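Structures are listed in the sections that come next.
Shared chain: chain A. Partners: chain B in the first complex, chain C in the second.
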Partner chain A sequence: MVKKIVYKFDVKTHVLVPKHIKLKKEEISEILQHYNIKKSQLPKIKKTDPAIEELEVEKGDVIKIIRKSPTVGETFFYRVVV
Partner chain B sequence: MTEEYIYKKIGSIFFGLLGPTLIKKMACVKIVTPELYDKEGYPVDGGLMDVKLGVIDPGLRCKTCNGKLKECPGHFGYMDLARPVIHIKYARSILTFLKYTCRECSHVLISHEDLKKKKTFKEGGKCPHCEAKQYKVKLEKPNTYVENDVRLSPIEVRARLEKISDEDVELLGVDPKYARPEHMVLTLLPIPPVTVRPSITLESGERSEDDLTHKLGDIVRINQRLFENINAGAPEIIIEDLWDLLQYHVTTYFDNAISQVPPARHRSGQPLKTLSERIKSKEGRFRYNLAGKRVNYAARTVISPDPKIKFNEVGIPLIIAMELTVPEKVTSWNTEWLKKLISNGPEKYVGANYVITGDGKKKKITDDTREQILTDLVPGCIVERHLIDGDVCVFNRQPSLHRMSIMCHKIRVLPGRSFRLNPGVCTPYNADFDGDEMNLHIPQTEEARAEAEILMQVQSHIITPKNGFNVIGCTNDAITGNYLLTRDLSLSREEAVQMLYSIGIKEFFLNKTKEVDGKDVFSALLPRDFDFIGNSRDGRIVKIERGKLVEGIIDKATIGEDNGTLIRALYAKYGEDIGIDLLGKLFRLGIAVLLKTGFTTSISDTDLPEDVVQKNNNLTVQVEKKVDELIQQYRDGKLDSMPGLTVEETLEKMILQNLNSLRNKIGQTVFEIIPEQNSTILMAKSGATGNILNVAQMAASVGQQALRGGRIRNGYIGRTLSVFEKGSLSPSAKGFVYGGYRKGLSPTEYFFHAMTGRDSLMDTALRTPKSGYLYRRLSNALQDLKIEYDHTVRDANGNVIQFKYGDDGIDVHKSEGGKINVLKIVKEVKTYG
Partner chain C sequence: MAKSIYEEYTELPQKLLDEVKREVEAHNLKGDQVKRVLDRVRTEFENAMISPGEAIGIVTAESIGEPGTQMTLNVFHFAGVAEVAVTLGLPRLIELLDARKEPSTPRIEVYLEKDISKDPVKVKRVAASIKETKLWEVADEFTVNMSQSRIEVYPNKSKMRDFVITETQLVKMITDLLKNVDARANKDFISIKLKAETFELKELYQLREKVRELHVKGVKGIKQVLPIKKDNEFVVICVGNNLKEVMKTEGVDFKRTVTNDIFMTESILGVEAARQAIMNEAIEVVENQGLDIDIRHIMLLADVMTSLGTVKGITRSGITGEKESVLARASFETPLKHIVNATLKGEEDKLNSVIENVMLNQEIPVGTGLPSLIAKIKDQK
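For the complex of A and B:
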């Protein structure tokens, strides 16, 4: 039988994967207040997403993503974990 | 504010299955006979057109609700099916129920323990509840179920589904409160009201029934026969056959386009349009009736150009102007005028077709009614008068991919039978005149007219929201004309005055000299307080000071479509109404110049002197030599491959580079030698049409023919055509065309050229519908996105799509190609305060 070899690849080291940060409770409420929205209106990210594998997130956490943008250089994006 | 007008709000919607009890409950009559009418033509009781099912004839009253034609919504009937049949739309769902439940005890084939552990279902084996052996159930398309090579009749299927407990139904993802699985096997058939399937009375007095009525008639007929045969105790085979036939009719009643089921047809052979076809796809209820609306007061015809009308005008044929109307309210101020229109009637232009009296009655103006209408005309009546110059209309060309695809124009009534539009607005509509047709709508209320005029006029759409550039500008001759005028023309004072007057400029300033420079004629159009600094296409400065062109040549970069800097400067300073007027004048001036000087392009434009031909030949020989060297290197195995490419690919790439550079070099020599006054070059240089490469292709060499990113590939063994040596890699054997269009192409060159020509033709023919569908999906997905006041992009539910529009929050409509030139703004503020 062919032995299954699992190659562990850390996606976070890839150039195309932007930085993901878990936000604190205060920061979350600050953002929700700033945009005057409910958590459910934020864009979503799966709990199983490889990019947030090591952040130990729970459902309802908010992830801040620091992306490169062709228009402004660096922008932020927020996603709620589902 | 809108809240107070909401009468009833939909809280929630449930979708469920109609069970026999519910079908019976909502029915008002039982259908028992396939006959529709008796001898007197009166609907038969218990027939498909039973009077209790609703009314479709005006004047009659419904036997069920006593409502008149438009009051009675129609009522359902029902029909007992002699034997149950599978509802074809649920055939797959039934299969899942049969598959995942025990054939003996009807429990879901998973033990309670496994369920708790959230283990997934495994097919085959034994039932974990009653240990009964399970067989694989298969769906033999379209509607028979087979278990272990034994056919399951709908009765058996229904019996199994009935036995499934409510908890198990819920486990399989269906709410038993609204949908029991056995309801997917029909025992009763609801008969839709006649209002759903109205019959049409033909001119001959004959009645023509709806497709659905025909289909239902088939079902009732077969059902009756089945009943009779069962009661008479007919042999099983006959009953089975009839049962299958009933299944077929019920199936095609729901969907007449199922594969493996031959579609039911009319006697004429065209397939019946049954329930699914009414709803589905482009001609279905959603896309045809709900998403697409038909309107009155619209016209459609072929378009043709007329550079003499304004950008925001549209020429419409007289016959259309006499057919379409504008409702004009009678007041004490316009009574006289409207009376004149009414006495002209529908036949004489500037007349009227209808009058709507104060109590809302619409009267057609005819020779008989005219006098009466005239005497009855009082303020408050509405006269539907013919279109006149200056009326507002909405003009559109499909596909409407743009907001610029529907714009508001002012009407100009013209002779002829086509819509006339200024060639400058071809770009936003993406129109040409090879047979294109366009639509025209006449807004019928003051509100609609105001909205069209304020929001939709052509001048409001010169700047595209795509990138902030102008979509409307000078094109073709208008550019060439202004280029010539500002580059090297000098007119006598009389000529200049005449030219300006001929394009409708009556007040202007010109130097009181005998000779007037072209630049001064151009300047006569500009406002006296206009300052501008820009660049022409070749990068040289174009300078306008106090409404006078002091330096530079006007070309595409300043007055052209898509980033015509001068046009946008005029817009920014003088606003859209004056802006479009100036643009129209510029356009007409360009054409007037060419009319005056004469402009043509001829074969002699591509004449090349002997020494240039020689020079080109030398260039060609040089490149050929180089290519030969490369091929030799490759044959000797000395060619190093480039990263990521094989040696062969490297060779091809290098040859292609060399041959392409040859074409550019030839283009350059041609460009250098052809005189400034050459019309073809003039058009290319001003940016009107064509480029230098086109000239070189005509005068010198067409160059390499590329097919799918490379040179022509071998179609025969080892060669492209059988006239070449096997394995030849020379330019001519791989699709390099030495000849120019003027001199002509050799037979092989012609063939290669035809190859690329056909390829690009096929490519465009196949790509257009594909990209059209992609665009449709994209625009449907994005249709409710909106930028809110806090710069976030959100959908209709307030979900955030983007936290700042485009990350930088720039309104591209007000930018220049997505960028904002802060320096320029600062400068402007400093100068103008």
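For the complex of A and C:
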């Protein structure tokens, strides 16, 4: 077989993947209060999602996503881990 | 001085502020003028904001639906000089929004590392290492030798040089991939024998076909590669569907390598990447057709499709099927099925949304119909 260097690639560095941050408890309640919603009303993200593999998340954690938006520059988006 | 003035307008998005800053500098405006500009920008921004209760879903539906009527219905189109068939226009948009499991023309856009991407020779070499190569592509002849009961493979020397493979590698590959055979390199052919003592002639012929289709090199599933020039560097367009392996190939800049397969993107890079991919693909289709759909509509659509943590299409098995209201589901497709199932389960419809209230001729919770009076009843002492 022809030699092939196999290196593990880092999903986080891909152009399509925005930054994912795990939120602390206080921050979660702050956000829920700000939008006046329950946690279950947030959009969801799977626990097994490749982009949050290294964050060691549990069910019910909230992930803050910093997206690059073509309309406003930088926006925040929140997803609850299911 | 001028800097602090921007800080008073925190409600404006950073991108707008940057734009104002640039214009202010270009036109050399000062103090009061800057303030007037910013005030005007703020008024415009506030006017452009959507009011609570606005039915943005239906606006999106119509904004995408109307240009959709003007799209081409041609399924195959040869995009410019690139000799790769691509599904474009309405069929592609439907495929995208229905979230079909596999695109009808899977395609990977492979970007290469900086030092390789500008050298056509190196680009060709990487492209050749990605393309799936089978044994028959590097051999001239496959014969069944009856008297010796063996198969003889005559490799083509010049083709092997093109693909950078040696004969010993070939022999090793054959023995590794086919467990029940012995392969040996002879002077100008490779002989392959079955290990079993007795076998039928039929098996020998079957073996020959198997040997012909043996995977020699490259990424499985990549049927065609095509290097094209894009913004002063070379990009390899691959026909096929094996992103993970392509990303691992040497010389490939995986950070920029993308596929048009949304589900593949989701499984390797996650939902957020899938959302971005849906947007990019939809925008590409729209722009290709020379149409103009506001990006916000496409963003809303991509957000809705990925809101459940996985990509769901706008179909009765996708997000429409996840709706809470029975009547809303029934109004989309196959109404009887939904109503019968709901009856069997004893489901309840809380009439919280639009469609079910339209059906019942009631005020819909949109716009001015959204707020309602809630009386606070005091405890009676």
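Everything below uses one rule, namely that the second predicted complex is superposed on the first by the 74 of 82 C-alpha atoms of A that agree within 3 Å, B and C clash if a C-alpha of one lies under 4 Å from a C-alpha of the other, contacts with A are read in each partner's own complex, and residues count from 1 in each chain.
Rule of thumb we're sticking to: contacts are C-beta pairs under 8 Å (C-beta built on N, C-alpha and C of every residue); 3 or more make two chains touch, one makes a residue touch a chain.
Computed from a predicted structure; not experimentally measured.
In the superposition on chain A, contact is made by A:43 with both chain B and chain C. Within the superposed three-chain model, A:71 lies in touch with chain B and with chain C [touch as defined at top]. Comparing chain B with chain C, the partner in contact with more residues of chain A is C.
Contact with neither chain B nor chain C is seen for A:29 once the two complexes are overlaid on the shared chain.
When the two complexes are overlaid on their common chain A, residue A:82 makes contact with chain C while staying clear of chain B.
Chain A residues in contact with chain B (one complex) as well as with chain C (other complex) are 43, 69, 71-72.
Of all residues in chain B, those touching chain A in their complex are 790, 792, 794, 797-801, 803-804, 806-808, 810, 818.
Residue ranges on chain C touching chain A, taken from their complex, read 13-16, 18, 129, 164-165, 169, 172-173, 176, 217, 247-250, 254-256, 258, 265, 267-273, 276-277, 295-296, 299, 303, 306-310. Residues of chain A that touch chain B in their complex: 35-37, 40-43, 69, 71-72, 75-78. The touching residues of chain A, when paired with chain C in their complex, are 1-2, 4-7, 9, 11, 13-18, 20, 43-46, 49-52, 65, 67, 69-74, 79, 82.
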